[in-house]
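Pasting the structures here.
The two complexes that follow have chain A in common; it is paired with chain B in the first and with chain C in the second.
This part shows the complex of A and B:
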(Lines of atoms letter the chains of each structure in order from A and count residues from 1; the text may use other names and numbers.)
(Lines give C-alpha, C1' and ligand atoms only; values in the text may rest on other atoms or scores of the structure.)
Protein backbone atom coordinates (compact mmCIF):
# COMPACT_ATOMS: atom_id res chain seq x y z
CA UNK A 1 0.00 0.00 0.00
CA UNK A 2 1.48 3.37 -0.96
CA UNK A 3 2.32 5.78 1.79
CA UNK A 4 -0.07 8.50 0.70
CA UNK A 5 -3.04 6.13 0.95
CA UNK A 6 -2.07 5.38 4.52
CA UNK A 7 -1.94 9.10 5.24
CA UNK A 8 -5.41 9.66 3.80
CA UNK A 9 -6.81 6.67 5.69
CA UNK A 10 -5.30 7.94 8.94
CA UNK A 11 -6.73 11.40 8.31
CA UNK A 12 -10.21 9.93 7.87
CA UNK A 13 -9.80 7.83 11.02
CA UNK A 14 -8.63 10.84 13.00
CA UNK A 15 -11.52 12.93 11.69
CA UNK A 16 -13.97 10.19 12.70
CA UNK A 17 -12.37 9.77 16.09
CA UNK A 18 -12.44 13.52 16.66
CA UNK A 19 -16.16 13.78 15.99
CA UNK A 20 -16.94 10.70 18.06
CA UNK A 21 -15.01 12.33 20.90
CA UNK A 22 -16.85 15.64 20.48
CA UNK A 23 -20.16 13.75 20.53
CA UNK A 24 -19.20 12.05 23.78
CA UNK A 25 -18.01 15.31 25.31
CA UNK A 26 -21.32 16.87 24.32
CA UNK A 27 -23.19 14.00 25.96
CA UNK A 28 -21.28 14.45 29.19
CA UNK A 29 -21.01 18.22 29.29
CA UNK A 30 -24.21 19.80 28.00
CA UNK A 31 -26.54 20.99 30.73
CA UNK A 32 -29.92 19.41 30.03
CA UNK A 33 -31.46 16.33 28.53
CA UNK A 34 -32.48 17.73 25.17
CA UNK A 35 -29.18 19.42 24.54
CA UNK A 36 -27.40 16.20 25.40
CA UNK A 37 -29.35 14.48 22.66
CA UNK A 38 -27.50 16.61 20.13
CA UNK A 39 -24.13 15.15 21.00
CA UNK A 40 -24.58 11.49 20.09
CA UNK A 41 -27.05 11.97 17.24
CA UNK A 42 -24.97 14.59 15.49
CA UNK A 43 -21.30 14.06 15.89
CA UNK A 44 -21.67 10.33 15.36
CA UNK A 45 -22.92 10.90 11.82
CA UNK A 46 -19.60 12.35 10.74
CA UNK A 47 -17.68 10.36 13.35
CA UNK A 48 -18.86 7.05 11.99
CA UNK A 49 -18.81 8.46 8.45
CA UNK A 50 -15.12 9.33 8.68
CA UNK A 51 -14.18 5.92 10.03
CA UNK A 52 -16.24 4.18 7.37
CA UNK A 53 -14.55 6.17 4.60
CA UNK A 54 -11.17 5.26 6.06
CA UNK A 55 -12.13 1.60 6.26
CA UNK A 56 -13.45 1.58 2.69
CA UNK A 57 -10.24 3.11 1.36
CA UNK A 58 -8.01 0.81 3.40
CA UNK A 59 -9.68 -2.44 2.37
CA UNK A 60 -10.07 -1.30 -1.23
CA UNK A 61 -6.32 -0.94 -1.51
CA UNK A 62 -5.52 -3.94 0.67
CA UNK A 63 -7.57 -6.39 -1.39
CA UNK A 64 -7.31 -4.51 -4.67
CA UNK A 65 -11.05 -4.59 -5.14
CA UNK A 66 -13.71 -2.01 -4.47
CA UNK A 67 -15.25 -2.25 -1.04
CA UNK A 68 -18.78 -0.96 -0.56
CA UNK A 69 -20.08 -2.98 2.36
CA UNK A 70 -19.40 -0.16 4.79
CA UNK A 71 -21.91 2.01 2.96
CA UNK A 72 -24.61 -0.23 4.40
CA UNK A 73 -23.56 0.77 7.90
CA UNK A 74 -24.06 4.40 6.93
CA UNK A 75 -27.41 3.60 5.37
CA UNK A 76 -28.71 1.70 8.40
CA UNK A 77 -27.32 4.30 10.76
CA UNK A 78 -28.97 7.12 8.85
CA UNK A 79 -32.29 5.33 8.99
CA UNK A 80 -32.16 4.29 12.65
CA UNK A 81 -30.35 7.18 14.34
CA UNK A 82 -32.97 9.89 13.70
CA UNK A 83 -35.79 7.49 14.50
CA UNK A 84 -34.33 6.58 17.88
CA UNK A 85 -33.47 10.21 18.64
CA UNK A 86 -37.03 11.17 17.77
CA UNK A 87 -38.51 8.49 20.04
CA UNK A 88 -36.21 9.42 22.93
CA UNK A 89 -37.04 13.12 22.53
CA UNK A 90 -40.74 12.37 22.27
CA UNK A 91 -40.67 10.19 25.37
CA UNK A 92 -38.83 12.95 27.23
CA UNK A 93 -41.41 15.52 26.14
CA UNK A 94 -44.26 13.34 27.31
CA UNK A 95 -42.55 12.60 30.61
CA UNK A 96 -42.00 16.37 30.99
CA UNK A 97 -38.34 16.12 31.66
CA UNK A 98 -37.08 19.49 32.71
CA UNK A 99 -35.16 21.54 30.23
CA UNK A 100 -34.00 25.07 29.81
CA UNK A 101 -35.13 25.61 26.28
CA UNK A 102 -37.64 28.28 25.58
CA UNK A 103 -40.67 27.16 23.69
CA UNK A 104 -42.03 29.49 21.09
CA UNK A 105 -45.70 29.18 20.55
CA UNK A 106 -46.49 29.92 16.97
CA UNK A 107 -50.08 28.82 17.32
CA UNK A 108 -52.42 28.22 20.18
CA UNK A 109 -52.98 24.58 20.76
CA UNK A 110 -54.22 22.21 23.35
CA UNK A 111 -50.72 21.59 24.56
CA UNK A 112 -50.02 25.25 25.23
CA UNK A 113 -50.68 25.02 28.95
CA UNK A 114 -48.53 21.94 29.26
CA UNK A 115 -45.63 23.65 27.57
CA UNK A 116 -45.87 26.72 29.78
CA UNK A 117 -45.54 24.43 32.75
CA UNK A 118 -42.36 23.10 31.19
CA UNK A 119 -40.96 26.58 30.69
CA UNK A 120 -41.39 27.18 34.42
CA UNK A 121 -39.03 24.32 35.08
CA UNK A 122 -36.25 26.72 34.13
CA UNK A 123 -36.21 28.16 37.62
CA UNK A 124 -35.68 24.75 39.19
CA UNK A 125 -32.16 24.00 40.38
CA UNK A 126 -29.71 22.09 38.24
CA UNK A 127 -29.50 19.05 40.50
CA UNK A 128 -33.22 18.51 40.08
CA UNK A 129 -32.88 18.28 36.33
CA UNK A 130 -30.00 15.87 36.71
CA UNK A 131 -31.89 13.45 38.91
CA UNK A 132 -34.88 13.54 36.58
CA UNK A 133 -32.80 11.96 33.90
CA UNK B 1 -60.57 -1.01 0.82
CA UNK B 2 -59.56 -4.13 -0.97
CA UNK B 3 -57.06 -3.75 -3.72
CA UNK B 4 -55.83 -6.36 -6.11
CA UNK B 5 -52.45 -7.78 -5.23
CA UNK B 6 -49.73 -6.51 -7.46
CA UNK B 7 -46.77 -8.61 -8.40
CA UNK B 8 -44.16 -5.95 -7.69
CA UNK B 9 -45.74 -3.50 -5.25
CA UNK B 10 -42.59 -1.53 -4.45
CA UNK B 11 -40.13 -1.61 -7.34
CA UNK B 12 -37.71 0.86 -5.77
CA UNK B 13 -37.72 -1.02 -2.49
CA UNK B 14 -37.09 -4.29 -4.33
CA UNK B 15 -34.08 -2.78 -6.09
CA UNK B 16 -32.70 -1.43 -2.83
CA UNK B 17 -33.18 -4.79 -1.12
CA UNK B 18 -31.34 -6.57 -3.91
CA UNK B 19 -28.53 -4.04 -3.67
CA UNK B 20 -28.33 -4.42 0.11
CA UNK B 21 -28.27 -8.21 -0.24
CA UNK B 22 -25.43 -8.07 -2.73
CA UNK B 23 -23.49 -5.68 -0.51
CA UNK B 24 -23.97 -7.87 2.55
CA UNK B 25 -22.79 -10.95 0.68
CA UNK B 26 -20.01 -11.08 -1.82
CA UNK B 27 -21.21 -10.75 -5.38
CA UNK B 28 -21.90 -14.02 -7.17
CA UNK B 29 -24.50 -15.40 -9.56
CA UNK B 30 -26.10 -17.46 -6.80
CA UNK B 31 -26.52 -14.47 -4.53
CA UNK B 32 -27.91 -12.44 -7.42
CA UNK B 33 -30.65 -15.03 -7.94
CA UNK B 34 -31.34 -15.52 -4.24
CA UNK B 35 -31.35 -11.77 -3.61
CA UNK B 36 -33.70 -11.14 -6.52
CA UNK B 37 -36.09 -13.80 -5.24
CA UNK B 38 -36.10 -12.29 -1.76
CA UNK B 39 -36.41 -8.74 -3.10
CA UNK B 40 -39.49 -9.78 -5.08
CA UNK B 41 -41.07 -12.09 -2.50
CA UNK B 42 -40.80 -9.95 0.63
CA UNK B 43 -42.49 -6.78 -0.73
CA UNK B 44 -45.19 -8.99 -2.27
CA UNK B 45 -45.88 -10.68 1.05
CA UNK B 46 -45.91 -7.49 3.12
CA UNK B 47 -47.93 -5.31 0.78
CA UNK B 48 -51.08 -5.68 2.87
CA UNK B 49 -49.30 -3.92 5.71
CA UNK B 50 -48.04 -1.13 3.55
CA UNK B 51 -50.70 -0.29 0.98
CA UNK B 52 -49.54 3.14 -0.13
CA UNK B 53 -46.49 2.63 -2.23
CA UNK B 54 -43.94 5.39 -2.04
CA UNK B 55 -43.70 7.05 -5.40
CA UNK B 56 -40.53 8.80 -6.34
CA UNK B 57 -41.63 11.43 -8.82
CA UNK B 58 -38.23 12.91 -9.44
CA UNK B 59 -35.41 10.42 -8.87
CA UNK B 60 -32.68 12.76 -10.06
CA UNK B 61 -33.79 15.39 -7.60
CA UNK B 62 -33.73 12.75 -4.87
CA UNK B 63 -30.05 12.07 -5.58
CA UNK B 64 -29.37 15.81 -5.51
CA UNK B 65 -31.31 16.08 -2.25
CA UNK B 66 -29.25 13.31 -0.62
CA UNK B 67 -26.00 14.96 -1.71
CA UNK B 68 -27.20 18.31 -0.40
CA UNK B 69 -28.13 16.81 2.96
CA UNK B 70 -24.76 15.03 3.21
CA UNK B 71 -23.01 18.34 2.53
CA UNK B 72 -25.14 20.10 5.14
CA UNK B 73 -24.37 17.36 7.67
CA UNK B 74 -20.63 17.91 7.12
CA UNK B 75 -20.80 21.69 7.54
CA UNK B 76 -23.21 21.60 10.45
CA UNK B 77 -21.05 18.99 12.22
CA UNK B 78 -18.19 21.44 12.39
CA UNK B 79 -20.45 24.21 13.64
CA UNK B 80 -21.98 22.02 16.33
CA UNK B 81 -18.57 20.66 17.34
CA UNK B 82 -17.47 24.24 17.94
CA UNK B 83 -20.64 24.95 19.94
CA UNK B 84 -20.20 21.84 22.08
CA UNK B 85 -16.58 22.58 22.84
CA UNK B 86 -17.27 26.24 23.54
CA UNK B 87 -18.96 27.51 26.69
CA UNK B 88 -22.38 25.88 26.88
CA UNK B 89 -23.96 28.83 28.67
CA UNK B 90 -23.81 30.72 25.40
CA UNK B 91 -26.04 28.20 23.65
CA UNK B 92 -29.55 29.38 23.03
CA UNK B 93 -31.58 26.19 23.05
CA UNK B 94 -35.18 26.50 21.91
CA UNK B 95 -38.16 24.45 20.95
CA UNK B 96 -39.91 25.59 17.84
CA UNK B 97 -42.69 24.32 15.67
CA UNK B 98 -42.53 23.90 11.94
CA UNK B 99 -45.90 24.07 10.19
CA UNK B 100 -45.90 21.18 7.75
CA UNK B 101 -47.03 21.33 4.17
CA UNK B 102 -46.21 17.73 3.37
CA UNK B 103 -48.96 15.29 4.24
CA UNK B 104 -47.72 11.85 3.34
CA UNK B 105 -46.46 9.79 6.32
CA UNK B 106 -43.34 8.77 4.51
CA UNK B 107 -42.47 12.31 3.49
CA UNK B 108 -42.94 13.53 7.05
CA UNK B 109 -40.63 10.77 8.29
CA UNK B 110 -37.97 11.68 5.77
CA UNK B 111 -38.24 15.35 6.71
CA UNK B 112 -38.04 14.54 10.44
CA UNK B 113 -35.08 12.27 9.76
CA UNK B 114 -33.31 14.98 7.81
CA UNK B 115 -33.89 17.48 10.58
CA UNK B 116 -32.49 15.06 13.15
CA UNK B 117 -29.50 14.14 11.02
CA UNK B 118 -28.40 17.69 10.36
CA UNK B 119 -26.57 18.71 13.51
CA UNK B 120 -28.08 21.41 15.66
CA UNK B 121 -31.67 20.31 15.38
CA UNK B 122 -33.58 17.23 16.58
CA UNK B 123 -37.18 16.58 15.70
CA UNK B 124 -38.93 15.83 18.96
CA UNK B 125 -42.60 15.33 18.29
CA UNK B 126 -45.32 15.50 15.72
CA UNK B 127 -48.57 17.20 16.65
CA UNK B 128 -51.62 14.96 16.71
CA UNK B 129 -53.13 16.52 13.61
CA UNK B 130 -49.85 15.94 11.75
CA UNK B 131 -49.61 19.58 10.83
CA UNK B 132 -46.72 20.70 12.98
CA UNK B 133 -43.37 19.20 13.81
CA UNK B 134 -41.82 20.14 17.14
CA UNK B 135 -38.09 20.61 16.82
CA UNK B 136 -35.44 21.21 19.43
CA UNK B 137 -32.62 23.46 18.32
CA UNK B 138 -29.28 23.48 20.11
CA UNK B 139 -28.40 27.05 19.31
CA UNK B 140 -31.01 28.97 17.39
CA UNK B 141 -31.34 32.71 17.71
CA UNK B 142 -33.39 33.43 14.63
CA UNK B 143 -36.32 31.03 14.86
CA UNK B 144 -38.28 32.43 11.94
CA UNK B 145 -35.19 32.21 9.76
CA UNK B 146 -34.48 28.64 10.83
CA UNK B 147 -38.06 27.58 10.08
CA UNK B 148 -37.91 29.29 6.70
CA UNK B 149 -34.57 27.63 5.97
CA UNK B 150 -35.83 24.13 6.79
CA UNK B 151 -39.02 24.68 4.83
CA UNK B 152 -37.28 26.00 1.77
CA UNK B 153 -34.19 23.81 1.83
CA UNK B 154 -35.66 20.45 2.85
CA UNK B 155 -39.43 20.47 2.80
CA UNK B 156 -39.98 22.02 -0.62
CA UNK B 157 -37.73 19.53 -2.49
CA UNK B 158 -39.18 16.58 -0.55
CA UNK B 159 -42.65 17.69 -1.46
CA UNK B 160 -41.70 17.78 -5.10
CA UNK B 161 -39.93 14.43 -4.97
CA UNK B 162 -42.46 12.32 -3.09
CA UNK B 163 -45.79 14.09 -3.40
CA UNK B 164 -47.50 15.13 -6.54
CA UNK B 165 -46.89 18.53 -7.94
CA UNK B 166 -49.11 21.31 -6.55
CA UNK B 167 -52.32 21.69 -8.50
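This part shows the complex of A and C:
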Protein backbone atom coordinates (compact mmCIF):
# COMPACT_ATOMS: atom_id res chain seq x y z
CA UNK A 1 0.00 0.00 0.00
CA UNK A 2 1.47 3.39 -0.98
CA UNK A 3 2.43 5.80 1.75
CA UNK A 4 0.12 8.63 0.76
CA UNK A 5 -2.96 6.43 1.12
CA UNK A 6 -1.86 5.57 4.64
CA UNK A 7 -1.56 9.30 5.33
CA UNK A 8 -5.07 10.01 4.05
CA UNK A 9 -6.56 7.08 5.97
CA UNK A 10 -4.74 8.19 9.12
CA UNK A 11 -6.06 11.73 8.72
CA UNK A 12 -9.62 10.47 8.42
CA UNK A 13 -9.21 8.17 11.43
CA UNK A 14 -7.69 10.92 13.59
CA UNK A 15 -10.41 13.36 12.57
CA UNK A 16 -13.06 10.80 13.44
CA UNK A 17 -11.52 9.96 16.81
CA UNK A 18 -11.18 13.67 17.62
CA UNK A 19 -14.83 14.40 16.88
CA UNK A 20 -16.03 11.34 18.79
CA UNK A 21 -13.96 12.43 21.79
CA UNK A 22 -15.27 16.02 21.56
CA UNK A 23 -18.85 14.75 21.50
CA UNK A 24 -18.28 12.59 24.56
CA UNK A 25 -16.56 15.43 26.45
CA UNK A 26 -19.58 17.58 25.63
CA UNK A 27 -21.87 14.88 26.97
CA UNK A 28 -19.87 14.69 30.20
CA UNK A 29 -19.22 18.38 30.86
CA UNK A 30 -22.15 20.51 29.68
CA UNK A 31 -24.45 21.73 32.45
CA UNK A 32 -27.97 20.57 31.57
CA UNK A 33 -29.70 17.94 29.49
CA UNK A 34 -30.75 20.04 26.52
CA UNK A 35 -27.19 21.27 26.06
CA UNK A 36 -25.77 17.80 26.53
CA UNK A 37 -27.98 16.62 23.67
CA UNK A 38 -25.88 18.59 21.17
CA UNK A 39 -22.61 16.74 21.70
CA UNK A 40 -23.51 13.15 20.83
CA UNK A 41 -26.03 13.91 18.12
CA UNK A 42 -23.75 16.13 16.05
CA UNK A 43 -20.09 15.65 16.90
CA UNK A 44 -20.10 11.92 17.58
CA UNK A 45 -22.08 11.11 14.44
CA UNK A 46 -19.61 13.12 12.37
CA UNK A 47 -16.75 11.32 14.12
CA UNK A 48 -18.06 7.89 13.22
CA UNK A 49 -18.72 9.12 9.68
CA UNK A 50 -15.10 10.18 9.28
CA UNK A 51 -13.82 6.95 10.75
CA UNK A 52 -15.91 4.83 8.40
CA UNK A 53 -14.76 6.94 5.45
CA UNK A 54 -11.17 6.15 6.42
CA UNK A 55 -11.95 2.46 6.73
CA UNK A 56 -13.65 2.48 3.32
CA UNK A 57 -10.61 4.05 1.67
CA UNK A 58 -8.32 1.55 3.40
CA UNK A 59 -10.23 -1.52 2.23
CA UNK A 60 -10.66 -0.07 -1.25
CA UNK A 61 -6.91 0.13 -1.69
CA UNK A 62 -6.23 -3.10 0.20
CA UNK A 63 -8.43 -5.25 -2.04
CA UNK A 64 -8.09 -3.14 -5.21
CA UNK A 65 -11.86 -2.91 -5.58
CA UNK A 66 -14.45 -0.39 -4.48
CA UNK A 67 -15.90 -1.07 -1.03
CA UNK A 68 -19.10 0.89 -0.75
CA UNK A 69 -20.97 -1.21 1.78
CA UNK A 70 -19.41 0.49 4.79
CA UNK A 71 -21.03 3.70 3.63
CA UNK A 72 -24.31 2.02 4.63
CA UNK A 73 -23.40 2.43 8.31
CA UNK A 74 -22.72 6.14 7.82
CA UNK A 75 -25.94 6.57 5.90
CA UNK A 76 -27.89 4.71 8.57
CA UNK A 77 -26.34 6.74 11.39
CA UNK A 78 -26.95 10.03 9.58
CA UNK A 79 -30.60 9.08 9.17
CA UNK A 80 -31.19 7.73 12.67
CA UNK A 81 -29.20 10.24 14.77
CA UNK A 82 -31.68 13.14 14.29
CA UNK A 83 -34.63 10.80 14.81
CA UNK A 84 -33.28 9.40 18.09
CA UNK A 85 -32.26 12.90 19.28
CA UNK A 86 -35.76 14.13 18.53
CA UNK A 87 -37.45 11.34 20.43
CA UNK A 88 -35.08 11.63 23.44
CA UNK A 89 -35.69 15.39 23.56
CA UNK A 90 -39.43 14.73 23.36
CA UNK A 91 -39.20 12.33 26.31
CA UNK A 92 -37.20 14.91 28.28
CA UNK A 93 -39.81 17.59 27.54
CA UNK A 94 -42.52 15.19 28.59
CA UNK A 95 -40.76 14.56 31.91
CA UNK A 96 -40.32 18.36 32.36
CA UNK A 97 -36.55 18.21 32.91
CA UNK A 98 -35.20 21.38 34.50
CA UNK A 99 -32.85 23.46 32.37
CA UNK A 100 -30.54 26.24 33.42
CA UNK A 101 -31.06 28.65 30.53
CA UNK A 102 -31.25 32.32 31.55
CA UNK A 103 -34.05 33.42 29.23
CA UNK A 104 -36.81 30.88 29.53
CA UNK A 105 -39.72 31.77 27.30
CA UNK A 106 -42.78 29.66 26.76
CA UNK A 107 -44.98 30.25 23.73
CA UNK A 108 -47.43 32.39 25.68
CA UNK A 109 -44.66 34.48 27.21
CA UNK A 110 -43.18 35.12 23.79
CA UNK A 111 -46.53 36.20 22.36
CA UNK A 112 -47.22 38.44 25.35
CA UNK A 113 -43.76 39.94 25.01
CA UNK A 114 -44.35 40.76 21.35
CA UNK A 115 -47.69 42.44 22.12
CA UNK A 116 -46.15 44.38 24.96
CA UNK A 117 -43.24 45.47 22.77
CA UNK A 118 -45.68 46.67 20.14
CA UNK A 119 -47.68 48.63 22.71
CA UNK A 120 -44.74 50.37 24.36
CA UNK A 121 -41.20 49.79 23.20
CA UNK A 122 -39.52 51.23 26.30
CA UNK A 123 -40.84 48.54 28.69
CA UNK A 124 -38.05 46.75 30.56
CA UNK A 125 -37.05 43.40 28.99
CA UNK A 126 -36.70 41.45 32.27
CA UNK A 127 -40.45 40.87 32.61
CA UNK A 128 -40.33 37.68 30.52
CA UNK A 129 -37.63 36.10 32.63
CA UNK A 130 -39.45 36.96 35.85
CA UNK A 131 -42.73 35.51 34.71
CA UNK A 132 -40.98 32.32 33.64
CA UNK A 133 -39.30 31.92 37.01
CA UNK B 1 2.42 4.50 10.78
CA UNK B 2 -1.15 3.33 10.45
CA UNK B 3 -0.84 0.96 13.42
CA UNK B 4 0.36 3.85 15.63
CA UNK B 5 -2.55 6.00 14.48
CA UNK B 6 -4.97 3.14 15.23
CA UNK B 7 -3.56 2.84 18.75
CA UNK B 8 -4.06 6.59 19.28
CA UNK B 9 -7.63 6.36 17.97
CA UNK B 10 -8.41 3.40 20.23
CA UNK B 11 -7.09 5.39 23.21
CA UNK B 12 -9.27 8.39 22.30
CA UNK B 13 -12.35 6.23 21.86
CA UNK B 14 -11.72 4.43 25.15
CA UNK B 15 -11.52 7.79 26.89
CA UNK B 16 -14.77 8.77 25.18
CA UNK B 17 -16.42 5.54 26.37
CA UNK B 18 -15.27 6.22 29.94
CA UNK B 19 -16.78 9.71 29.77
CA UNK B 20 -20.04 8.17 28.54
CA UNK B 21 -19.91 5.65 31.38
CA UNK B 22 -19.48 8.53 33.84
CA UNK B 23 -22.58 10.21 32.43
CA UNK B 24 -24.45 6.88 32.45
CA UNK B 25 -23.74 6.34 36.15
CA UNK B 26 -24.03 9.93 37.35
CA UNK B 27 -26.56 11.39 34.91
CA UNK B 28 -29.20 12.96 37.13
CA UNK B 29 -32.20 12.13 34.95
CA UNK B 30 -33.35 9.19 32.87
CA UNK B 31 -33.03 10.89 29.44
CA UNK B 32 -29.38 11.60 30.33
CA UNK B 33 -28.79 7.91 30.80
CA UNK B 34 -30.54 7.06 27.54
CA UNK B 35 -28.40 9.63 25.75
CA UNK B 36 -25.26 8.16 27.33
CA UNK B 37 -26.23 4.67 26.10
CA UNK B 38 -26.92 6.11 22.65
CA UNK B 39 -23.46 7.70 22.52
CA UNK B 40 -21.89 4.51 23.83
CA UNK B 41 -23.19 2.40 20.97
CA UNK B 42 -22.07 4.97 18.41
CA UNK B 43 -18.57 4.95 19.93
CA UNK B 44 -18.62 1.16 19.95
CA UNK B 45 -19.30 1.17 16.19
CA UNK B 46 -16.20 3.30 15.72
CA UNK B 47 -14.16 0.91 17.88
CA UNK B 48 -15.32 -2.10 15.87
CA UNK B 49 -14.47 -0.38 12.59
CA UNK B 50 -10.98 0.27 13.99
CA UNK B 51 -10.68 -3.39 14.94
CA UNK B 52 -11.63 -4.31 11.38
CA UNK B 53 -8.82 -2.14 9.99
CA UNK B 54 -6.36 -3.59 12.50
CA UNK B 55 -7.18 -7.19 11.56
CA UNK B 56 -7.72 -6.39 7.85
CA UNK B 57 -11.04 -8.19 7.81
CA UNK B 58 -14.38 -7.08 6.36
CA UNK B 59 -16.39 -9.33 8.68
CA UNK B 60 -16.60 -6.63 11.35
CA UNK B 61 -18.69 -4.52 9.01
CA UNK B 62 -21.73 -6.73 9.65
CA UNK B 63 -21.24 -6.49 13.41
CA UNK B 64 -21.09 -2.69 13.20
CA UNK B 65 -24.23 -2.61 11.06
CA UNK B 66 -26.11 -4.82 13.52
CA UNK B 67 -25.04 -2.68 16.47
CA UNK B 68 -26.18 0.46 14.63
CA UNK B 69 -29.64 -1.00 13.99
CA UNK B 70 -30.16 -2.54 17.42
CA UNK B 71 -28.88 0.58 19.16
CA UNK B 72 -31.34 2.78 17.34
CA UNK B 73 -34.21 0.43 18.15
CA UNK B 74 -33.13 0.38 21.81
CA UNK B 75 -32.98 4.17 22.06
CA UNK B 76 -36.38 4.56 20.46
CA UNK B 77 -37.90 1.87 22.70
CA UNK B 78 -36.52 3.43 25.91
CA UNK B 79 -37.64 6.93 24.94
CA UNK B 80 -41.03 5.65 23.89
CA UNK B 81 -41.37 3.98 27.27
CA UNK B 82 -40.61 7.27 29.04
CA UNK B 83 -42.95 9.12 26.72
CA UNK B 84 -45.97 6.83 26.86
CA UNK B 85 -45.44 4.39 29.72
CA UNK B 86 -45.63 1.61 27.14
CA UNK B 87 -43.51 0.55 24.18
CA UNK B 88 -46.02 -1.07 21.83
CA UNK B 89 -49.51 0.31 22.17
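Basically, the second predicted complex is superposed on the first by the 101 of 133 C-alpha atoms of A that agree within 3 Å, B and C clash if a C-alpha of one lies under 4 Å from a C-alpha of the other, contacts with A are read in each partner's own complex, and residues count from 1 in each chain.
Simple rule for what comes next: contacts are C-beta pairs under 8 Å (C-beta built on N, C-alpha and C of every residue); 3 or more make two chains touch, one makes a residue touch a chain.
Predicted model only: the values in this text are computed from it and were never measured.
In the superposed model, A:35 makes contact with chain B only, not with chain C. When both complexes are overlaid on chain A, the residue A:25 reaches chain B and chain C alike. In the superposed pair of complexes, A:45 makes contact with chain B and with chain C alike.
When the shared chain is aligned, chain C comes close enough to touch A:73, but chain B does not.
Once the two complexes are laid over each other on the shared chain, residue contacts for A:90 go to chain B and to chain C alike. In the three-chain superposition model, chain A touches both chain B and chain C at residues 18, 25, 37, 39, 45, 69, 72, 81, 83, 89-90, 92.
The touching residues of chain A, when paired with chain C in their complex, are 3, 6-7, 9-10, 13-14, 16-18, 20-21, 23-25, 27-28, 33, 36-37, 39-40, 44-45, 47-48, 51-52, 54-55, 58-59, 62, 67, 69-70, 72-73, 76-77, 80-81, 83-84, 87-92, 94-95, 97. Residues 20, 23-24, 73-74, 76-77, 80-81, 84-85, 88, 91, 93-97, 99, 112-117, 119-120, 122-125, 127, 132, 134, 136-138, 143 of chain B touch chain A in their complex.
The touching residues of chain C, counted against chain A in their complex, run 1-2, 5-6, 8-9, 12-13, 15-17, 19-20, 22-23, 29-32, 34-36, 38-39, 42-43, 45-46, 49-50, 52-53, 56, 58, 61, 64-65, 68-69, 72, 75-76, 79-80, 82-83. Contact residues on chain A toward chain B in their complex (touch as defined above): 18-19, 22, 25-26, 29-32, 34-35, 37-39, 41-43, 45-46, 49, 68-69, 71-72, 75, 78-79, 81-83, 85-86, 89-90, 92-93, 99-107, 109, 111, 115.
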